[in-house]
Amino acid sequence: MGRVYATYLASRVRNARLVAVADRSPDVAESFSKEFNIPRWYRGHEELLADSEVQAVAVLSSTASHKEVVIDAARAGKAIFCEKPIAMSVEDAEEMLAEVRKLGVPFQPGFQRRFDPGYIAAKAQIEQGTIGTPVVLTSTSRDPYRPPLDFCNPAVSGGLIADMGIHDFDLARMYMGEVKSVFATGGALAYPEMETIGDIDNAIVNLTFVGGGLGAVHLSRNAVFGYDIRTEIWGTKGSLQIGYFRQTPLLVMTKAGISHDAVPYFMERFEGAYLAQIESFIDAVVNGGEPAVSGSDAVEAIRLSLAATLSCREQRVVELDECK
Amino acid sequence: MGRVYATYLASRVRNARLVAVADRSPDVAESFSKEFNIPRWYRGHEELLADSEVQAVAVLSSTASHKEVVIDAARAGKAIFCEKPIAMSVEDAEEMLAEVRKLGVPFQPGFQRRFDPGYIAAKAQIEQGTIGTPVVLTSTSRDPYRPPLDFCNPAVSGGLIADMGIHDFDLARMYMGEVKSVFATGGALAYPEMETIGDIDNAIVNLTFVGGGLGAVHLSRNAVFGYDIRTEIWGTKGSLQIGYFRQTPLLVMTKAGISHDAVPYFMERFEGAYLAQIESFIDAVVNGGEPAVSGSDAVEAIRLSLAATLSCREQRVVELDECK
Amino acid sequence: MGRVYATYLASRVRNARLVAVADRSPDVAESFSKEFNIPRWYRGHEELLADSEVQAVAVLSSTASHKEVVIDAARAGKAIFCEKPIAMSVEDAEEMLAEVRKLGVPFQPGFQRRFDPGYIAAKAQIEQGTIGTPVVLTSTSRDPYRPPLDFCNPAVSGGLIADMGIHDFDLARMYMGEVKSVFATGGALAYPEMETIGDIDNAIVNLTFVGGGLGAVHLSRNAVFGYDIRTEIWGTKGSLQIGYFRQTPLLVMTKAGISHDAVPYFMERFEGAYLAQIESFIDAVVNGGEPAVSGSDAVEAIRLSLAATLSCREQRVVELDECK
Amino acid sequence: MGRVYATYLASRVRNARLVAVADRSPDVAESFSKEFNIPRWYRGHEELLADSEVQAVAVLSSTASHKEVVIDAARAGKAIFCEKPIAMSVEDAEEMLAEVRKLGVPFQPGFQRRFDPGYIAAKAQIEQGTIGTPVVLTSTSRDPYRPPLDFCNPAVSGGLIADMGIHDFDLARMYMGEVKSVFATGGALAYPEMETIGDIDNAIVNLTFVGGGLGAVHLSRNAVFGYDIRTEIWGTKGSLQIGYFRQTPLLVMTKAGISHDAVPYFMERFEGAYLAQIESFIDAVVNGGEPAVSGSDAVEAIRLSLAATLSCREQRVVELDECK
């Protein structure tokens, strides 16, 4: 992701100038600075935060390091964009946000789907009243294959439900409001080796919203044909379906049938959304507005991830209140 | 449904001859016999079962009456087709089947989706190994509007989960094998008046299969645009999506966008499947084979309906074993 | 086609009773009468026309025989349905219609696409003004393979443009009005052996309508994946696209891509339309209305076929007036 | 288009550095240089060509000026990218290319569709033999509305067939080889005011290829819902369909039906292709390869445009040889 944001910030985001990059590994930092024509590079975030020309930072390091970096950045008075999830626990996330709020720096967590034209258009339709009151949401995220086992490791990734579901949980809140309780089932069904690291590869999470509505989040690592990202919102007067399956606009028609390709993976699906997201952040920093996604959006998505993970493990309904 | 089967049996099913119709209301029976050119009509099933020319019966009366009619028909040695659900309780269903088995008459419960080309082709793909081992199923049934309240009344219909879900439960078993436990959430979200009769209009039912796989059944009465019937099956090597949204092959393209119509309701969606189903039954009767759907398929779908209904009410995981 | 109409008339068309069948071959006539439970069979149309119980006839014999049969039927006072094309020449067709008109019998030529829900809905949209004034039409008919050479023989079939294009020409007139001139190109491109019988397997026919609009008809014998039937109508305020490519509602998604089947051939595509067409004819006969398709619709489609065939041969614009 | 290429060259094309911009209007040149951070600006192409740091130029001025600018650029030894059409006549185009060839500078005409993933994937499928021998091509270009009349003026734009069709003619050649003859019909059907400038708003062009294949190009200014760009290629073993209709991945489903938006216009459809095209040119300049599109591709597309325009006016088949 560092590469993606570097490309965007180095040249495609109006009003942004990429002045420095930092990485614990000096080699990485230096090669990035060369590749993207970045004037300065640093050995760690502390040095970078001391650079007075730096107004805003994008925190793209490992989740485990987010807390320290974000708090330091807030104390240095920088505007902060932080990739999802901002933390592994609600407690850490709230601590980070407390500091951010106290110091009054702009803070935006990374939820790029909110910047995808399909999700934006769906929100506009709801606000226009096209579907009446939304009452049911289903949201699907399926990867084309499992990541390497050490990446999947729940100690690092939080496990399937947290790692993949966090986007769907964020969308669920955006379209339907707060969640009251969850129930989840899951299993290592396609890759039995997932069990060796204590993770699963498929899960279904039921949501009950505070307002009474229902939701289901479908997560999987075995959409072997490609990347399956869909959200459906069902209202009292209509419904919305967000998502698509075909990448290249070509149908091949032979005696074997009619076929097309699929969306390969998240970068092909959300390239434009990642750009729009960082543009939105820069815009808020430059023009002084409120970031489009708030810190508490990040906290609540983590809370949901943890509640669903707990429910899956204990096979019982978990109230969101339990996860503090 | 009486009208549909009468049309088919009167003229479209090879090897079938419709010789008699019975209804508690003589007016109904007589008018049916005239409309469909049926030689004889009777005041009740007892008279019809005494007609020695009758080899097979289609039981299309109210669910509450199925038990008596089916048992009487079995005793009269008739082959029996019985609309879904064959009973409101597992106990009743098993009693009916015990009699049917004892007397050795052919018995086929009504699950027309199994005879739809999409579901048949999906089964063939699975059997050919196209998707590897099926591990997750999602199945969706959404009505375009709620039926009249007295029809929805759980005392009559069994409630949303039983009334609508039974088809999805049957498909779930067909594609994924037996279910071990269920968890369901639901609510009267689009039609608050459903609460006055103790029913809901939306539900999500999570399934855990004996073989380890997962499932979710989505049920709703407010797909206001039309009739939404879809099943997805996810395997280790691929996946299948069954269903469609457009009825008439016409796209209308104006400044307002690009639009098409939707599938209106179940008769438009499953007309061919209802015909194929009764043809399959007649074929089994005439040629002596095993009916394509068994009595225990009917029992297990009822058991699932009851377990899911119970789970939804008590908000806990229900093991299928609990429902006897 | 005899088999199709026999099935429909024997059992599925309200108000129709199939009382007799005739064929020059007594074996065929007799076996049809047995298969479809038809009370009487005859050795030729003369005998059948003498049957006083016969009110209406469906002329499904070879095109070459239509003229004699239709004229005899008209003289016998029978209502007449006649498969397309009603004749091989405009002259013959007009002679037949002159007799039909003189004797005042109902006459309906076979153009089943007019009875397909897509084409009907398109017409309704145009009449409602949805697309403003229609100005351009494209209509496509592609077969999945070439028929046997003796069937294709232009002496029998009229050649590709007449045999396949007649439906598109009829639709063109229905949606856009009369045609002023045509230009056509064609060739034996996929099956060189078509040249041995003087026929082609692909053609494109440009139409200029009397009202100024434009059209193109695309014809082919090598849509090897299936049956490709589409019509597009472009107006000043919008456009319409009629047609579809998928037969079975199943998507198969594997590493090889996402695929579905195709519409196999005309019977799968137009089964319902053939039924609706003959129902419409029977309805006109029984209730005395004007048939939904007129004799002059048949004549003008033939005229267009001949003009386009001539244009293709001589590679010049042909005015419709030339073809009398 | 200047703005588009400036954006790309200023920041998104690897190995490109935008060092200067020229425009006859100094205000435009200066404001461009400011907006895109371009080091130098000039009052005309002569000044710019004298800039020794300039290695390659993108000629985006009016078609009428292309000849002079390209020849001057060639003489100055610059690599040249020139927007389509490179000239209004075959004679001018050939004169330009003669100079380019004599001086040995790289030259690439603008045909961005060749760089769209759909068209690229189609070409790959053909080369892999998926569809056997291509025998028929249909290619459609429809604008959502007519441009201003002074833009449409044939003296400036070459008229509808040249202005819009040139892309389809280029694709036709790419997929099917050289064209032998054309026949075209057209009219001012949706915007009668087009007649006042001697132009049309709809045309259908039939192509006969040297190899025997057939083609049809459909052109229109009244796809009022959006931008309709499609190409179909029919072979002996299969066929390909390139194109799509929906821009935003959102389906809206209400009682009014199921609807989605459309592709608004060419920039939304071909944004990525314009970028890939100029990247390809820069790559050829930097690495010394042959440009992906040749000068004679530009000449032949112009020849086809002129032949089709002539055919439309004179309503006769025009051999390509006539247009020199």
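We call the chains A, B, C and D, going by the order they appear; numbering starts again at 1 in every chain.
Throughout what follows, a contact is a pair of C-beta atoms (placed from the backbone, for glycine too) under 8 Å apart; a residue touches a chain by one contact, two chains touch by 3 or more.
On a predicted model such as this, the values are computed, not experimentally measured, just so you know.
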At the largest C-alpha centroid distance from chain A we find chain C
Larger contact count among A-D and A-C belongs to A-D
The distance between the C-alpha centres of chain A and chain C, rounded to whole Å, is 57
Averaging C-alpha coordinates per chain, one finds the centres of chain A and chain D separated by a number of Å equal to 39
Chain A touches at least 2 other chains through residues 223-225, 237-239, 246, 252-255, 261
In the complex, the residues of chain D that touch chain A are 11-12, 116-118, 121-122, 125, 130-131, 237-244, 246-255, 261
In their shared complex, chain D is touched by residues of chain C numbered 135-136, 138, 142, 183, 185-187, 189-190, 202-204, 206, 208, 212-216, 218, 220, 222-225, 234-239, 315-317
Listed in rising order, chain D residues that touch chain B in their complex are 223-226, 245-246, 252-262
